[in-house]
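A, B and C are the chain letters, set down in written order, and residue numbers restart from 1 in every chain.
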Amino acid sequence: MSEPTNPSTPSGTTTTDGQGDLADPAARRALMSGVAQVPGAEKPDPILSVDRITRHFGGITAVDVEHLEVQRGLITALIGPNGAGKTTFFNLITGFDKPSSAGKGAHWSFNGAKLDKTSAPKVAKAGMVRTFQLTKALSRMTVMDNMMLGAKDQTGESLAKAMFKPLWHSQEGEVRAKAEELLARFKLLEKKDDYAGSLSGGQRKLLEMARALMTDPTMIMLDEPMAGVNPALTQSLLGHIQSLRDEGMTVLFVEHDMHVVQHISDWVVVMAEGRIVAEGPADTVMANPAVIDAYLGAHHDTDLGDDDLLRDEVVKDLHHEADEEEAARRDAEKGKR
Amino acid sequence: MLLAPLLALGLGASPASAGVATLCLAQPGQTACVSGTVGNRTNPVEGADVVLRDEAGTEVNSITTAADGKYSFQVTEAGNYFLFVDPESLPDDVEIIPPAPRFQEDDGSIRVPVKLGRTATPDLEVRSVDYDAEGSGFGEQIVQSIAQGLRLGLLLALASVGLSLIYGTTGLSSFSHAEQVTLGGMVAYGLVNVAGLNLWIGILLTTIICGATGYVQDRLMWQPLRRRGLGLTQMMIVTIGLALAAQYAFQFFVGASQQKVVVRTFDVVEIGPVRMTDMSFVAMGVALVAIAVVGFVLLRTRVGQATRAVSDNPALAAASGIDVDRIIRFVWIAATALAGLGGVFYALVVSNGIRWDTGMQILLLLFAAVTLGGLGTAFGAFVGAIIIGLVVELAGPLGAPGDLKYAVALVILILLLMVRPQGLLGRAVRVG
Amino acid sequence: MNEFLGILDAVVGEAISPDTAAVAIAVIGLNIHFGFTGLLNIGQAGYMLLGAYGMAISITYDIPLAVAVLIGLVVSVLFSFILGLPTLKLRGDYLAIVTISAAEIIRYTGRLAAFEDFTGGSQGIFGKDYQGPFMDLSFFGSGSFDLLPLNYRDAGGGAGLRVVGLLVAVAAVVGIVVIAKRMKSADGQAPKIGTTATPKLVVAALFVVLFLALFFSFPQTEPRTSVDGWWVRVVAWSLVGVSCIIVFLLVRSPWGRLLRGIREDEEAMRSLGKNVFAIKMQALIIGGMFGALGGMVYVLTGSVQADSMGRQLTFFAYTALLLGGAATIFGPVLGSIIFFSARILVRELSGAYVPNSIMSTQQTEQFSYVVVGVALVLLVIFRPQGILGDKRELRFHV
């Protein structure tokens, strides 16, 4: 699964602009080098494009986005202080909420298709799949059942055919094989018959991401994938996200921790008080006065992420710890056999 | 020995139908039956003299109704019969609702066409004398119904405000709240009618006792269950079980028939076109005062502010130093006390007595009121209760027959949910 | 002793009565709603009443039985649409309030004097008006019939032999419970039970022994075809069996997985591209059809009377479901049988052994219902998974 992107992946993005393989950091930098670092900048090949979305709760404006484009095949981070409207924005574009500006100029489209009136399930079917800030593992179902629910177009999910096993038996086998492959990749395979409710918080995040991948998405939207995940898992989660990108998937994720953002994102969009205040590559956007204002203006004492967490030595340490844990577990397994 | 009656009883013999002592069975070609209830099933009239005469005017038979209000005659010839209820035998404040004109006879009896093999069930519903439709115009009927609607609405509000507060603070839809209403009537019956206490002292004591049941319930059951982390659905089913146990416990101790809180009847007062008993006005006044006190407490006192904070966000409330458990206990006490108070007055002025299922009859109206106003908003519940009260009382004169007036309220609820799911005063909540 | 055996006789009779089977079918439907999908339908009795009215009224208009049954089912489907359209997009509480209200509306309407020509008003429709076509189908002949050709009376034994039969039955129950527990704790692998036979076979054999022992000790003599005879019982329990098979086929499928997914978290299901509304509607319809079918069976032995299918019956259905175990295949059936038998047992025991001065005959009936209510409360609090449910599922609260 770690092989370089196959040009025939569904997204088929890697060569659209003749920019070369997007698994290569240089190619990604080159692709985005021509993009203006202003809010609402145009992208060479946007997969998601949003216009004039607003959402009010009572008298408060939670989201007020004039224009936003998300580049295909990259990892885009959506950051901002608490209450900046990131999750609400996610809810709006994935159909979980309706913009107050619906019918008043609000437009957003994904992969060329208009989403203005599309319900959440249809958005997901179109290839834009999301996860949740508070993980929604289906607790009283096994990990395997959780995964198998993700697969699209299952014959056996139609009521008329459900009662006749031969009609869906072979497809069920394929879905199971695919689920096992993904679980193995996310190191959850040995938990496959456990109830999802018995997993740790981090494992649930992994499960939710793996489940989202079962739908073969073109774009995956992760709402705070690192929240509540222990540092050792954080590292492997980041690795997973990067490998998704390297396979040609578009990733948009919400994150609080600036260091995580700097670590993996190719492009950063900053929200504050419902608006987009800045865009740019991770290393330069943090110097943008609008961003500093957004973070520090309101709360001078806010720390831009937990500094100790992802300094390079720490990351190395964590790597090491994770490896050790892994080895210990493998030994234990061997012991069992 | 045991087997035969048991199988015959089975499930069908739920207590409602168990009391039919003189059941008449119509045999095709041989006999026919004329049977029914004086009053209605929920509010039967005891001691009414019912006489059946044949076309020649000869008396076929006569019956004095028992506590279940049921009468039953068997006849062997088809034809027209005349059913007559002696107005003297009815309680002073009620009268038989006249049937449709084509069944109405000059002497006040009801014509009943009888076919062999069939059972005729003529309506002998009663209404209170203060329901003065005779001689009054349609407009006056409407005014009278509005007054009765306000009365019902205010009494419903007493119970539904508490139901709404419980829902707001704990998320629980309590199905046993209706039994708290019944409990109020039952306790008052015990204190005033049986023990002979003064009515007002009885009402006060009833309210206190009912509030105490709320305290005990929360102390012994709800708080431990919350601590155990029992899901809301499970808790709701617990309330269903409680309701079931309570209903039959009432029957066990008090019996299945209607009991009056006070034996005497109240004087009828006339204000313009509105005729109601003096007790009705008192009940409305007390209800208004009680609800005003609740409103004042919620808006102006620390406990009330804390209650609203818990309703908004229990976790945040707890974090800001509010003792959530104490607030919820306070809510339980207030809710059960209000329901008890409502129950006493409901038994006094609306249902003319208390029965094991009196509360159950209005449970849906309570839920309708709470949902209509917006789940969890106390003031919404008040508004909803008034609307439901008016709808129920106005449905009769506007053409909904019998018990269907309750159905009208529920239909309105369902329609409202389609257009405004959060209720009249509720807020839309953020998804996700 | 004889008195006690007489009571057990009544209990066994109740356990196999057609009413128990009818409620079991309705509970199977409720299990699809509440157990598998998490839909809080508190109006299952309304579905039953609709099914019963649909069938009975059709037959009184000389419509053939099969078509009449179909009409009853179609009416329940329409009812599901009416209930579901406004509420399935809202929070669960609303469905609860709307279903219980709608069931009451049906009951009020059924009792209405204005519709007396159709529904018989509060008197209801008498059994003889619609039972004919069903009884005509019977090929059981007339006369009466014992369930077992051999019972303790024929074997020439008195109470002693009967008690032996009873003890065998109790031993079989204990055996079944022990093996079932081991099977569960062994997680599907063959547990050690001291024999080479597969545990499933042993359990099946024990069930047969239990069945034989019960009816050996408590022979049930009923007429073959008449209103409360074997014909009704066999048809009713066959329908229970068919319903169980249908539910089994449905819930093991990917469709059944969707139901459980929705029970756990609707938003997650929406995020995976599942049309939650449509699936909930399907579940509501299927469960409602079982409810309607249960209602039709329920009235086969009596009459269609609106008040016999009120809220109480829905509450009984919930108790039976939780007793047997929600989200299991046989839970509803087992729960219904135990629920109704236990109620009769409580009533008869208190009738026989509590002096009349403490509890009159009328009061034993009410006492048995109080016990039912308290049992429901205790069950939800202390054993929410019921008899057959999986305890592991309950560690995680949703």
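The working rule: contacts are C-beta pairs under 8 Å (C-beta built on N, C-alpha and C of every residue); 3 or more make two chains touch, one makes a residue touch a chain.
The shown structure was predicted, so the numbers you read here are calculated from the model rather than taken from an experiment.
Centrality by C-alpha centroid: the chain sitting nearest the overall protein C-alpha mean is C. When C-beta pairs in contact are tallied for each pair of chains, B-C comes out on top. For this pair, subunit B with subunit C, the centres built from the Cα atoms lie 30 Å apart. Subunit B has its Cα centroid 55 Å from the Cα centroid of subunit A.
One finds 47 Å separating the Cα centroids of subunit A and subunit C. Residue numbers of subunit C whose C-beta contacts span two or more other chains: 267, 397-398.
Contact with two or more other chains is made by residues 431-432 of subunit B.
Contact with two or more other chains is made by residues 96, 132 of subunit A.
Subunit C meets subunit A in the complex at residues 246, 249-250, 252-258, 260-261, 263-265, 267-276, 282, 286, 392-393, 395-398.
By the touch criterion given at the top, residues 6-7, 9-10, 13-14, 17, 19, 23, 38, 40, 42, 85-87, 89-90, 92-94, 96-98, 100-102, 104-105, 108-109, 111-114, 116, 121-123, 228, 267, 301-303, 305, 307-308, 311-312, 315, 318-319, 322, 340, 344, 348, 362-363, 365-367, 369-370, 372-377, 379-381, 384, 397-398 of subunit C touch subunit B in their complex.
Of all the residues in subunit B, the ones that touch subunit C in their complex are 1-3, 6-7, 10-12, 14-18, 35-37, 41, 119, 121, 123, 173, 225, 228-231, 233-238, 240-249, 251-252, 256, 360, 364, 367-368, 371, 375, 401-404, 406-407, 410-411, 413-414, 417-418, 421, 431-432. Put simply, subunit A touches subunit C in their complex at residues 94-96, 119-125, 129-132, 136-141, 145, 148-150, 152, 154-159, 162-165, 168, 172, 195, 197-198, 208, 211-212, 214-215.
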